[in-house]
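The same chain A turns up in both complexes below, where it pairs with chain B and then with chain C.
Let's turn to the complex of A and B:
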């Protein structure tokens, strides 16, 4: 099971993602409210996975992704978007994001994206 | 730049479709009726968001207490800390309008699909009413088996 950093400016998404991930058996090691916090918490916790909101005030998810990937090239980040904005998602993928989830977040979407990024977890079952 | 009623109706249709999907598929509710209403008054759990680029649209959504309680329980399934509750109640309408309008953009008329969705606006009831008074609006009510949701699209003609 994974240690996960959840990044979203919305408390609704932070709490729902945390609840769903923990129900799946993962551990949410920290919840960040901004890109800046994400960079700081990544260094502190070195999680296996980051779920990163794209649109956030102060530092958005793509800027935070770039900083994290530059410092920690093995970082695994999946983006969370509500916009269906292909350009932003493509920008994130080209900057090293491993996948994305379109809000609203469901158990099925989470399971699918985690299985895609960590196929060994499914194989272990 | 202004927008004509034909395109506003297409935008409304796309928002209606995403609200239907959200309420039925994601929240497991039944929609009993969707109807055009003459007036929008944000008074219970409401949120407002702006779309802009060549044109500017403001969308405001109000969820009544009965429906809000069901949506809140569906989102958090009872797994919340008491300390978080007030903040979650305040933030949930923002999250719902962000999700629904964000997803609706793909169904807008082609020339409006590049509208930029801002973060939800922190507007009070009187501020929304002022925007409504200064502009033109079109409003809808969605009646579900668990309560009602009304929303308005505010634009310049």
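Let's turn to the complex of A and C:
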């Protein structure tokens, strides 16, 4: 199972994601409220996966993604996004994001995107 | 030929010189060495022949030989040499002119002689002849080699023609006189099986007779016929050829038959057929299939449904972006960006992600379409477009039907209430209050009431009318009447009523509001009437009227019972979670129906509690509050008063914001506000035109609703107490004298 860093400025999303991910058996190693926190928490915890919100105050998700990918090219980041953010998601993918989830977040969406990014995980089961 | 020219030519010649006399040989050699660089010497016929035989064929260009020699005479040697090579150049040197030798030499074919003593002139003459004959022979050789190679080329051509060209000739009646190897291979017949047979041996039953009739009429007129023909193989299968049939003439220019060559087009025909089948298949589905390249140009083959979808006659070679996203720059940009990114990346996963971000639903004209995207090889893309207008309309219909159902349930569950509201509304429309504040207040209350009854159409219309009225605020009443006419609330309302009537029957809503009267109560009243005497007439009548009035009393609970579901509805709309609640209070408590309009105006307060009181989930979590909000409503009768308490556990009234707004909207002056404490300021939320909301929604924000409650309350000298607990909630206590 994965060690995950959850990044979102909304406490509701952070809680929802953490709850759902932990129910699936993953460990949420840290929760970041901004892009800045995301970068420093990444260094500290070196998680297997980052769920990254796009619009956040004090460094948005794409900036944070760029910084993390520059230092750790193997970092696996998936974006958490809303309708109408398609262009931003494309920028994120061009900058190395491995997938995205469209809000509202559901168990099914989470399972699907994680299975795609970590195919070996579902094979173990 | 002069000596110099001759020597240049003789210098390269190889010579065998045969002479037995040492002196003569020495002298002659001196002379010969001027002409030849290479000279072999033999001392008699036998040695000469040996030397000749030891060399390869045609080694010596010239043999110069004496005749009478020991061991083997010159004649014998030359005879043997000519047997080996009868074209060998030979010059005989004779000591004397003897006819006996001469005759023999002529017999064996030697014509060149030089007499001893050898003279330069004679040598030159003979050598010239030799050089000439050698040159001539070389020329002939060259010519011959050329012819041979030409022959080879021709053979190869004929062979490849035979192997690759499906050729045949027939006589004038169509009987085969020649068939190429290629013809045999493609038809499956051997040459023997074909020659002498009519050409119709390969005719396929699929070919219409008319095609051959056409061909014969043309070739009989000695013209060229070209056409595609399906032919029958010996094994029963077929092959397609493009045939060129022409008249055939003999060397006397007589027309003696026909010759034909053909090109095998079986695979082309197969591809055509396959293509047709696929196109057919695609054309018979209800989906639009098309592909386009990295420059967004649509390929030539697409399914016919595309033309219906785009309502056009052709889309080939046009730009897909312009056709698909007319007048939608946002989608256009998104589409182009995503496609370009797919082309630019090598990572398959990214390609898939980019494709997944493309617009999936779209509207073209009056059609709603669903688009699926597929990546084809060579940076091509396929679109699968489905017209889902029908499905969408159906969904909309179902949604509308559900809405109607909700409306019916809401109306039926409190029929009397609805009949009353309807009467009041129709009254209101026919006698619009001249005071615009009052008008807006009442209109707003009706909107809230109709929303409770789930009457979407009239609610929307009122909402739009309110917006317009607010904009021109405080203008003349004539104007207002005109505006009311343009919005024609009456007919919108009637449409809703008609829907209800069509379902519940026309009589359902035509009934007047009824009162249910207990027969026992009527009996009591009768008894009281009988007891009336002239002395107590005034007092008794008053009592009786009081009793009669009691018939109009209604349950408080009933008046309030629809609010919990209203609150639930608004909460859903605003995506807030609120605990379900029930009205708390004595269900048997009845009050006069005149309080009903006040009770109805409370809808505005409930709306306010949900919209302004209860915070969004985010804020509630941050403030360590229960994620779910609470709204409560209870009532008690106390000392001939009715007390109604409505409370929520939201943010409470923001006094600061309220003060600023009151000042901004000139509801209170700075001085007035300065003299008020926070509790007093809280009451400002009931002031006219006060709304702290920046945006107006259909439920609240107009600053009209709360003031409507106050004006209703004032009709009965009722009062309000507000317990504002900032951050924790607010409690409104209404006291109504009964």
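By our rule, the second predicted complex is superposed on the first by the 124 of 125 C-alpha atoms of A that agree within 3 Å, B and C clash if a C-alpha of one lies under 4 Å from a C-alpha of the other, contacts with A are read in each partner's own complex, and residues count from 1 in each chain.
By our rule, a contact is a pair of C-beta atoms (placed from the backbone, for glycine too) under 8 Å apart; a residue touches a chain by one contact, two chains touch by 3 or more.
Only a predicted model underlies this, so the values are computations on that prediction, with no experimental measurement involved.
**Q** In the superposed model built on chain A, check whether chain B and chain C fit or clash.
**A** Clash.
**Q** Using the touch definition from the top, say if A:10 reaches chain B (first), chain C (second), both or neither.
**A** both
**Q** On the A-aligned overlay, A:46 touches which partner chain: chain B = first, chain C = second, or both, or neither?
**A** In the superposed model, A:46 contacts neither chain B nor chain C.
**Q** Look at A:100 in the shared chain and tell me whether it touches chain B only, chain C only, both, or neither; answer first, second, both or neither.
**A** second
**Q** If we overlay the two complexes on their shared chain A, which of chain B and chain C does A:19 touch? Say first, second, both or neither.
**A** First partner only.
**Q** Touching A:1 in the superposition: chain B (first), chain C (second), both, neither?
**A** A:1: touches no partner chain.
**Q** Could you say whether A:90 touches chain B, chain C, both of them, or neither, answering first, second, both or neither?
**A** Only chain C; A:90 stays clear of chain B.
**Q** What's your read, chain B or chain C touching more residues of chain A?
**A** Looking at chain B versus chain C, the one contacting more residues of chain A is B.
**Q** Following superposition on the C-alpha atoms of chain A, which segment of chain B from the set 7-15, 43-51, 97-105 or 115-123 overlaps chain C?
**A** Stretch flagged for C-alpha clashes with chain C: 43-51.
**Q** Which residues of chain A are in contact with chain B in one complex and with chain C in the other?
**A** 10-12, 15
**Q** Provide the residue numbers of chain C that touch chain A in the complex, in ascending order.
**A** Within the complex, chain C touches chain A at residues 333-334, 337-338, 341, 345, 349-350, 353-354, 357, 617-618, 621-622.
**Q** Could you list, by residue number, the parts of chain A that touch chain B in their complex?
**A** Its residues touching chain B are 9-13, 15-16, 19, 55, 57, 81-85, 102-104, 106.
**Q** Which residues of chain A touch chain C once you look at their complex with the stated criterion?
**A** 10-12, 15, 86-87, 89-90, 93-94, 98-100, 116
**Q** Taking the complex as given, what residues does chain B use to touch chain A?
**A** Residues in contact with chain A: 22, 26, 75-77, 79-80, 84, 87-88, 91-92, 94-95, 98-99, 102-103, 105-106, 117, 119.
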